[in-house]
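These notes open a run of structures that come right after.
What follows is chain A paired twice: with chain B in the first complex and chain C in the second.
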Partner chain A sequence: MLTIIFLSGFLLSLFLMVVAKRITALVKTFALQSLFLSLYALYVAVLQRHAELLIISGLIFILKVIIIPRVILRIKRRINVEEDLGLTLNTQVSLIVALFLMYFSYLFISRIISFSSGEAMQAVAFTVSFTAVFIGLFLMIFRQKALSQVVGLLVMENGTFLAALAITGGMPFLVEIAIFFDVFIFVLIIEILVYRINRLFTHIDTTKLTTLKG
Partner chain B sequence: MIEKTFLIIIQAVFLVILAPLISGIIHKLKNNLRMRKGASVFQPYYNFVKLIAKDEVISRNTSWIFRATPVIVLGSVFCVCFLLPVLHKSFFLGPLGDMLAVIFVFSLGRFFLALAALDAAGSFGGMGSSREVFIASFAEPATLVSIFVLGLNCGSLSPSAVASLEGWRFSSLLCGSALGMVALAETARIPVDNQETHLELTMVHEAMVLEYSGRSLALLELAAHIKQIIFFTILSWVFFPCPVNAVWGWAWFIIKLCIISVFVAVTEISLAKMRLFRVLDYLGFAFLIAILSAVFALIGM
Partner chain C sequence: MFILVILFIPFALSIISLFTPLEKVADGGLKLLLRQSVKDGGSLTGFIKKERLFGIINAFGYAIVLGISLLLTARILTPPYVIRQFGIFYIDALSAFFMLITAIIAFSASIYSIGYISNEIEEAKISFHNTKVYYCLFNLFCFSMLLAPMLNNLALVWIVIEMTTLISAFLVGFHNVKESIEAAWKYVIICSVGITFALLGIIFFYYTASKDAHVTSLHWLKMYEAARFFNPHTVKIALIFIFVGYGTKAGLAPMHSWLPDAHSQALSPVSGLLSGVLLKISLYAILRFVILAIPSLGYAFSAQLFILFGLCSLFVSAGFILVQKDLKRLLAYSSIEHIGLVSIAFGLGPVAGIYAGLLHIFNHAVTKAFMFFCAGDTVKAYRTNNMNLMQGMFKIAPFTAGALLLGVFALTGSPPFSIFISKILIILAAFGGKRYAIAAVMLLLLAVVFAGLLQHITKIVFGNKPQNMIKIKEPLSTKAAVLFLAIFIVWFGMKVPVWFSGLLSACGKIISG
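Showing the complex of A and B:
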């Protein structure tokens, strides 16, 4: 029963990210999505009496709900960039594209798991996680500011984590910890990278990065 | 049969009496959250009593539409009260109409309100009605699709079937959130409209009723309260599905409405009002979520 709430919250926050026009809104929605993910992990952990998953849920909460959004917003403050994300597709078209991405992932998943069997909830969770991966990719491609590329990648990571959680009840503990470490280092490196890009080009607009400047 | 009719009438009166209280609670909560004291939760009742005793001023240039509108608007929402089972799942006039009738009876009221606002030929009224119709034309598709999804979920569009949803389902929660977004727009709440201001740039519903005073205004305000409680009732079926029984039905109902009011109050103080053309994005989002829930309902989730 609670699974439904967490999954629909996760899905809703995905679509909220697609319509977000400002960096702060995007990052805050990402924090909300990670909150739903960590609650879902907590729920699975309690349900399956899985102590390692409990730690992972706590780690998601600390890292993705609190630390990473703060780090990204700190970069935003430091380079003093304006709020606008730079939408290459406007919100309505983005939403329709997101709906189709969702439908494609449904078509794909329905070939693997049956939606009518007793595993219907797993199938839905799998669909949602694939949608998250696609929408993360979408955010990386169709938004101009470099910071949305960071958030897009994090959303894709959330999607893969949800898939692992839905199908097998979480990846092995060591792999999970390694991924968390990776993601955290990734965000820190990106912070420095974005800062350098901004220093060098005085903007973080990725569409303009193709022109040489010497 | 006679007993049942009597109970249905009692239920409708119960809804009408409760309606201003919910508005009062939301208003009080909003003020308290802003660290203000706020008026008493019974303020809407005091307003009603004050206004109903007053004379009204009607412009000489208006036609019968202006005078008939308050009655038509109140009549339409009051008629909806008879269509919804609130205290028990058999307490409604079944053959009269299903959930679609609820939406379209609301549209009748809105149509006359928009006409009446144009009737007095004030510039505010015209502006208000054009905005209201603009918003409604985007809110209605989202409402309709969510209602259809609710129907798909329980196999029938009859209000008693929707009222006795069993547990949460993926599609019902998604269409419930779409319906929640629409409900904020329909009840003139903050991301779309603001009930508390009379600033000409922002008002929508208030601009339409600006020409009204005295008794007519009292009727229109009561109609707005009832419309709000009806939307909240539908939301409460979706988000807090539990069997409605007659004995403690009313207590559960009030508790559910209070929870929804808290949500609405918190949303309202934490959001800023949108520009009029951003409302398109907001309601488009609600429409898309409704379509998404329809996809899930067809999968069978």
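Showing the complex of A and C:
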């Protein structure tokens, strides 16, 4: 039962991101989503008596619920980013697209696992994780501010993490730790680049990064 | 032992470069330089600039790396054909092949860097402090690319490949001007998206391994032994993600959009590394998963994906090469073309196609690095990337102009250069497999690319030089790097050495099982 709650919370946060119009809202929803992911990991850890997953859950909480949202909001404050996300698709259309993406993920997954068998929960988790990956990509393409692209990528990362958790026993411990390290470095580098973009261009609107063509 | 030395040298060099007191020279300026020269007995050697000295040490380090990787390759070719060490290294012929390419290109790039960097400093494009950063990143970049093919864990390979992106992002955005930061941003974002897809692919491989084959590790050998129990449906979906994911990093169209930007904005030694090695390392990762997919799914599905992406890349690159204005972007699109060719070759299947594809990987790496080094000096001479403003290169820098001209013939696959052989082998593989349509499309597009490249480069090389330009002297290091690569271009054009052919066949055996 708890699984359903965490997964639907995760899914709900995805749709909230799709309709978000302000960067702060987007980042806070991301923190909420990571909280659900962390709780899900905790639940799986307790259920399967998997001590390593406890650490993973803790890491998700520290890194994705606390540190990364703070870093992004700090960037936002420091360089006075406009709150507006610059929607190239309005929220209604975005929501419809997001629903289609979810259905698409469902079709994808039903080719691998059947939803009627004992693995139904796993199938649902995979579907949600695919939805997250596609919606993350969608956010990156249709919300063209540098910071929203970063959040989009982090959503994709959350999606892959959910898929890894849904596999019985999780991925090997070393791998998950290394992926965390990787996300951490990624955010650091992005922070440096955003500051540089801001200094050189005096804005961080990626629609205007168009010097290089052809 | 050998493995450790290979990995230790770049890593140590990157650390050393951070702590070499280059800055003192900058602060104390000429005074310190003079004092140094007095200390050296007033001889001229004191005037060797410190950044140049460090460049020489760097190149020397890579000479050792190259020598040892040759030794390692020799060991791979004798029984037991694999090296396993410390529980994380696993080297077979395929790894050795990619390691050898990395070592060769890294060595030539480190030579080329010597002159290139001191020139950048003279023109005040980068500061002394940045030289340290450059050498640190350069070495870390090479380190990660040498490490990737040696690891036995597919997830670790994934992580190291992602690290290559993050490290080289700064090398792409090194000049800190609008264009290069834009390129670096696109590079990091697009490649990270790609690599996330690849991770999803890995997770699905792991899913089927743990569920259907009861293997709970991403260890290469364990996965390989269990590969025939994998669920073909899951493997299919996982493979699509792997191809899209690593294909982004390999520069396959339509996920190539970061490539021309990054290649054109990076410093020229780094462009050579990006095009020559980085793209190939991603292909290596794809190959590993294709090998895992064969026992359950067969080769046909992978072959279709290879051909699809390959043809796409050929179409895209042919179009953009014709209308290109920027010299380094021109070469970048040519990289997409060659990656497409390699991909098609792999798609033509064992044995002929894979052999030709691997040979082409090597030839392209060498030739493209050669071209990027020449282009780097050309761009330096004219102070622009715009080919419309370049003319009469022969009257300004005869050596570079000659090399550029030879290079373009080599790159487009004219005899007697090395790419000619691999291209012919790919086309023969297409005919041999009765894939006439593919062969026809390939030949047509190659002809277009040939015409486009030749027209652009001849316009640069011949003609009258612009009025205000004077003749320049190329740095010795450029000549050395270019000549070093030219040896391979000519040597492999005449005959593929027996040992190398053996290495390729061994790789082919690993791939086709």
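Going forward, the second predicted complex is superposed on the first by the 208 of 214 C-alpha atoms of A that agree within 3 Å, B and C clash if a C-alpha of one lies under 4 Å from a C-alpha of the other, contacts with A are read in each partner's own complex, and residues count from 1 in each chain.
Keep in mind that, in the parts below, contacts are C-beta pairs under 8 Å (C-beta built on N, C-alpha and C of every residue); 3 or more make two chains touch, one makes a residue touch a chain.
Just so we're clear, the structure is a prediction, and the values are computed from it rather than from any experiment.
Novice: Once chain A from each complex is brought into register, does chain C clash with chain B or fit beside it?
Specialist: Superposition result for chain B and chain C: fit.
Novice: How many degrees, to the nearest 10, separate the directions from chain A's C-alpha centre towards those of chain B and chain C?
Specialist: 160
Novice: Considering only the touch criterion stated at the top, classify A:S116 as touching first (chain B), second (chain C), both, or neither.
Specialist: In the superposition, A:S116 touches chain B alone.
Novice: Please work out whether A:M1 is in contact with chain B alone, chain C alone, both, or neither, and reply first, second, both or neither.
Specialist: So A:M1 only meets chain B here.
Novice: Is A:T160 contacted by the first partner chain B, the second partner chain C, both or neither?
Specialist: second
Novice: Does the superposition put A:P172 against chain B (first), chain C (second), both, or neither?
Specialist: A:P172 contacts chain C only, not chain B.
Novice: Between chain B (first) and chain C (second), which does A:F15 come into contact with in this model arrangement: first, second, both, or neither?
Specialist: In the superposition, A:F15 contacts chain B only.
Novice: Based on the superposed arrangement, let me know which partner A:V97 touches: chain B (first), chain C (second), both, or neither?
Specialist: Touch partners of A:V97: none, neither chain B nor chain C.
Novice: Answer with first, second, both or neither: which of chain B and chain C does A:A25 touch in the superposed model?
Specialist: So A:A25 meets neither chain B nor chain C here.
Novice: Kindly classify A:Y106 by the partners it touches after superposition: chain B alone (first), chain C alone (second), both, or neither?
Specialist: It touches chain B, and chain C stays clear.
Novice: With both structures fitted on chain A, tell me whether chain B or chain C touches more of chain A's residues.
Specialist: Looking at chain A, the partner in contact with more of its residues is C.
Novice: Determine the nearest approach in Å between the Cα atoms of chain B and those of chain C after overlaying the two structures.
Specialist: Between chain B and chain C, the shortest C-alpha distance works out to 21 Å.
Novice: Considering the complex alone, what residue numbers of chain C touch chain A?
Specialist: Residues 153, 155-156, 159, 162-163, 166, 169-170, 173, 176-179, 181-186, 188-189, 192-193, 196-197, 199-200, 203-204, 206-207, 210-211, 216-218, 231, 233-234, 237, 260-261, 264-265, 320, 323-326, 329.
Novice: Which residues of chain A touch chain C in their complex?
Specialist: 108, 111-112, 133, 137, 140, 146, 149-150, 153, 156-157, 159-160, 163-164, 167-169, 171-172, 174-175, 178-179, 181-182, 185-186, 189-190, 193, 196-197, 200-201, 206, 209, 211-212, 214
Novice: Hey, which residues of chain A end up touching chain B in the complex?
Specialist: Residues 1, 4-5, 7-8, 11-12, 15-16, 19, 91-92, 95-96, 98-99, 102-103, 106, 115-116, 120, 124.
Novice: If we count contacts the way the header does, which residues on chain B are in touch with chain A in the complex?
Specialist: 167-170, 173-174, 177, 280-281, 284-285, 288-289, 291-292, 295-296, 299-301
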